[in-house]
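The two complexes that follow have chain A in common; it is paired with chain B in the first and with chain C in the second.
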Partner chain A sequence: MKRGKIDKTDLRKLLAAASEKARCAGPVADRVGVKLEELTADSVLALDYDNFRLSPKLWFFPRSEVIASGSNGTLEATPLPEEATVLFGLRPCDAASLELLDKIFLDEAYLDPYYKARRENTTIITLACNDPDPACFCTSVGGGPGASSGADVVAFDLGSELLFEAVTEKGEAFLAEHDGLLTAPSNADDTAKEKLIADAEAKLQPVTIDGVADKLAGLFDAPVWETIGERCVGCGTCTYLCPTCHCFGLYDEEADGNVKRIRAQDACMFPLFTLEASGHNPRSTQGARARQRVMHKFSYTVSNVGETFCVGCGRCVSHCPVNIDIREILEEVGA
Partner chain B sequence: MTNPYLPLPVTIDKITIENDAKDLKTFRLRFEREEDAAAFQYECGQFAMLSVAGAGESPIGIASSPLDEGYIEFTVKRYPTGVVTTVLHNLVEGATMGVRGPYGNAYPLAEMEGKNIVIVSGGFAFTTLRSTIRYLLHESQRSRFNNITAIYGARSPGELLYKDELAAWEAQDGIEMVITVDKGDEGWSGREGFVPTVLQEVAPSAEDAYVLVCGPPIMLKFTMPPLIELGFPPERIITSLERKMTCGIGKCGRCNVGSYYVCKDGPVFTYAQLQEIPEAVL
Partner chain C sequence: MSRQLETKLREAVASLFERGEIDLVIGHEAGSLPLRSRPVFVRDAADIERLVWGPNCTNNLAVYLPRLFAHPKNLREEYAPPTVGIIAKGCDARSVLGLVKEHQLPREKVVIIGMPCTGMIDPKKVEAALDGARIIGAREEAGSLTVETPGGEKTLGLAEMLADGCLECAHPTIDEADVAIEGEARSPADERYQRVAAFEQMSGEERWAYFSDEISRCIRCYACRQVCPNCYCVTCFADQTKPRWIGAADELPDLMAFHIGRILHQAGRCVECDACVRACPMDIDLRVFTQKMPKDVEALYGYVAGMSADGVPALLTFTENDDEGFISEP
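Let's look at the complex of A and B:
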């Protein structure tokens, strides 16, 4: 596969060239961190960040989107998004999460046409992690700071330069298109890259999750869930920030006879998520809801699609308002 | 590419008020486009999402038989807190609404061929079993199956669904109907008693038989022990689960129980399966 180096000062030039054919998004600082934002001529790239506060799943599975609209009782489907998109700077964990979401939304029995269109229209350039956050644990769930799963191109930050490596045909085409801005990498660059990844891996604290799926199957009625439930405030932050959480609802909004059917992200942390019109709620305690999230990610999806639905990005660990740490839960149930 | 979230337009041809409380109505729907009618091929036990633009969607079991031509029927309970069912109940004949589906698995009727069939139901969960009885009694199907016994209970005589059909089924030889109410009224000369109790009284033979059970959670809970006592193996006790649903296609996560999605892997499960799913234990 094609490889090439670029001086960081030329990165903006490369993305500007890419912007002529596609909307481009990259890391941009805001008041509280760095977010993945559509780039304009004035955007200033911020390359020194742990990860985006919000998961890039939003680019494929938005917080909310109108999927149909109409009036007089009939609904027409929203046309599929056609816009070509380049996302630069996803961390490898987040890119890997897209391959997991594919298992849900690209399931052949029922394809999600909106997700599929966005996946097909998007080129993903990841930026390998040199300095993972203390909450990160990607290597414990099959990933790594330089992993390529879900990426079309992986970029490695060598200091003053970025080293690009194509992973897919789409990535190959992207690098070929911008070949004029790239130079050939040397053996020293490869050595530097290997060392950066090895150093990053060494900074990660491993979590033992081997055998967790099997153990969880026997822990449905364990007291640990109600203990967690007593702490959990049910805010849903973990699910909204999680790159692999994909639950949603469909809601109608009507104004002046015009109806919008909206698909919006939803969360298994909320009691209303499962409350039936009869008043019956099969998940009536916060402990049962906390259990559902862990079971779904580390047991049910393993049975259903052979994958653990966690990429170790650490967002739920960093942002939980009551310091519930999924790593501690996994170690407790795995013990 | 087909859009799995888009309801197909249907016209309400007929609305039947089923009960004294007037909170159960049967909607007879006709697809507005012939190609949609041809594509909507369903089996007994499946459900569909009923859509009222501006209110939303609700998952409802299909009450008509796959052999009913030209229409599909749904019996819908209106709950005071049910946004969609309340609006749906206010629609009139001739109105346009939407349907998408059919979704879920079905009762394993092919597996039940040549067997005795016992049907046990309580309340308005009877709808998909009404679909099944209509199908089983159809002249093209009846000879495929052996004896058919149906036990159906409601709170009161006025709460019994499909009253004309019940009378017709009681009068015919193809099925043994046992109808019970929790409490009768002045005009009621039939049986009184809860479904699990009546089941024990009727004591249908489990020999070479399958039982289809559908009802509220509390009825299911108290119906399983007598069925086991009568000798029905858990693999031949077929029931149907209900959960809140949004997508109907196994993505939105709402109806997840264990590694199953009730909308896609169910709603029909054997009692043997349910015993293996902690969150679905009856």
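Let's look at the complex of A and C:
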């Protein structure tokens, strides 16, 4: 596969060239941290960041979208998005999450045309991690700081330069198109790259998840869930920041005779998520809801699509207001 | 100093268990990340060792109380509610008293273990002081905070790392604790509501623009609501479906409707614990909006929330001389 280097000062040039054919998004300084934002001529790229606060899944599966609208009793589906998009700077964990979401939204039985269109229209360039956050645990769930799953191109940060490596044909085409801006990498660059990734891996604290799926299958009624539920305050931080959580609700809203059918994210942490019209709630305790989130990621998806639905990005670990740490839960149930 | 208070706190809890005066205690234990603690429920004297105290014990534990006393109406007669000890800073204790005043808890079922609060660390200030260096560990001693980073240790002044809410706190400790852990609390702040005052100085357009910009970051995770002891409604207006008060989409008016509802429901109730501020995963400036409530209620009606379990909440009284200026000239 094609490879090439670019001086970081020329990265803006490369993305500007890409912007001529597609909308481009990249890491831009936000009031707090860095966010993945559509680039304009004035955007200043920020390459020194851990990860985006919000998962890039939202570029494919927005927090809410109108999927149909109309009036007088008829609804018309929203046209499929056609815009070509280049996303630069996803971390490898988040790119891997898209491969997992594909198993849900691209399943032929329940194909999601909006998600599919966006996936097909988008080229993903990841930026490998040199310095993972203490809450990260990607290597424990099959990923890695330089992993290529979900990426079309992987970029390695060598200091003053970026080393690009194409992973897919889409990535190959992208690098070929911008070949004029790239130089050939040397053996020393490869050595540097391998050292960076090995150093990054060494900084990660491993979490043992071997056998967790099997153990969880027998722990549905275990007391551990109510212990977690007692501490859990029932907000949606973990689910809404999670790159693999994908549950949503459908709502019809009417104003002045115009109806919109809206698909909006939902979270299994909320009682309303499972509240039935009768008033009965099959997940009546916060413990039952906390169990659902762990089971869904580490047991049900393993049975249903053969994958653990966690990429170890650490967002839920870092941002839970009561410090519920999924790594500890996995250690506890796996022990 | 934290160590001594921690020892006293554990002794106090041990003696409450020994005397059979509590069934459980809600406190703080060491967290899994640097600069973090987390809530812990101790039901057994053997677990008392888990209790910690220090400037990372940020969570307002009163949020857990209403659910311990809430139970289906048909069980009310046979339900025996527990007696709960709660480790409380000044703000947390005021939340407890506010909940008693609002009939969410029987006062006699809660044992307030009052801590002499010296203020809580704002991890974002520590991060800023380290210029982006990773925080691997941290320890606090004698007014300083020593942070371990990959490049070595760095010692910071604890006073400079305290949360803004703590720097402006008027009630670091309260008189109505059932068990008062002895120690020197922070002095009540003289300068209060500085950022709210600055916000008030802005023009209406500027305030609207700032509010719009901040609220547009909201992802509707409702963490601000869920960590707030005052948000105990069985069904929040934001969750009601018949009728729906708030649309499902991410439209700014929907986000604003939720936040305006949440904030106004804090009038005469907010104890300025900043739990909502800390919980927001999007770092929305909730402090400046929310603290407008206690500031106005104190200035206009001379009422401060949570100072006692008795009396009538500000929102439940009306006199014909009440100042209505907040409506016409906010």
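In this text, the second predicted complex is superposed on the first by the 335 of 335 C-alpha atoms of A that agree within 3 Å, B and C clash if a C-alpha of one lies under 4 Å from a C-alpha of the other, contacts with A are read in each partner's own complex, and residues count from 1 in each chain.
Quick note on the criterion: a residue touches a chain if its C-beta (ideal position, glycine included) is under 8 Å from a C-beta of that chain, and two chains touch if they have at least 3 such contacts.
As the structure is a prediction and not an experimental result, all values here were calculated from the model.
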item	value
Fit or clash between chain C and chain B when superposed on chain A	fit
Vertex chain A, arms to chain B and chain C (CA centres, degrees, nearest 10)	90
Partner chain(s) touched by A:K116 [first = chain B, second = chain C, both, neither]	first
Partner chain(s) touched by A:R31 [first = chain B, second = chain C, both, neither]	second
Chain B versus chain C as contact partner of A:Y240, first or second or both or neither	second
Partner chain in contact with A:N323 - chain B first, chain C second, else both or neither	second
Which of chain B and chain C A:V141 touches, first, second, both or neither	neither
Which superposed partner A:L101 touches (first chain B, second chain C, both, neither)	neither
First (chain B), second (chain C), both or neither touched by A:E230	second
Which superposed partner A:A77 touches (first chain B, second chain C, both, neither)	first
Which of chain B and chain C A:I6 touches, first, second, both or neither	neither
Where chain B and chain C come nearest after superposition, their Cα distance in Å	6
Footprint overlap on chain A, comparing chain B with chain C	249, 251
In the complex, chain A residues that touch chain B	67-68, 70-77, 80, 104-105, 107, 109-113, 116, 220-221, 246-252, 254, 259, 261, 263, 266, 268, 273-280, 282-283, 292, 296, 299-300, 303-304
Residue ranges of chain C in contact with chain A within the complex	31-34, 36-41, 59, 63-64, 124, 132, 134-136, 219-223, 225-227, 239, 241, 244, 247-250, 275, 278-279, 281-283
Touching residues (chain side chain A, partner chain C) in the complex	31-32, 48, 53-54, 62-64, 66, 131, 133-135, 230-231, 233-237, 239-241, 249, 251, 253, 260, 262, 264, 267, 270-272, 317-319, 321-325, 327-328
Of all residues in chain B, those that touch chain A in their complex	1-7, 9, 51-58, 79, 81-82, 85, 95-98, 217, 242-244, 246-247, 249-254, 256-259, 264, 278-279
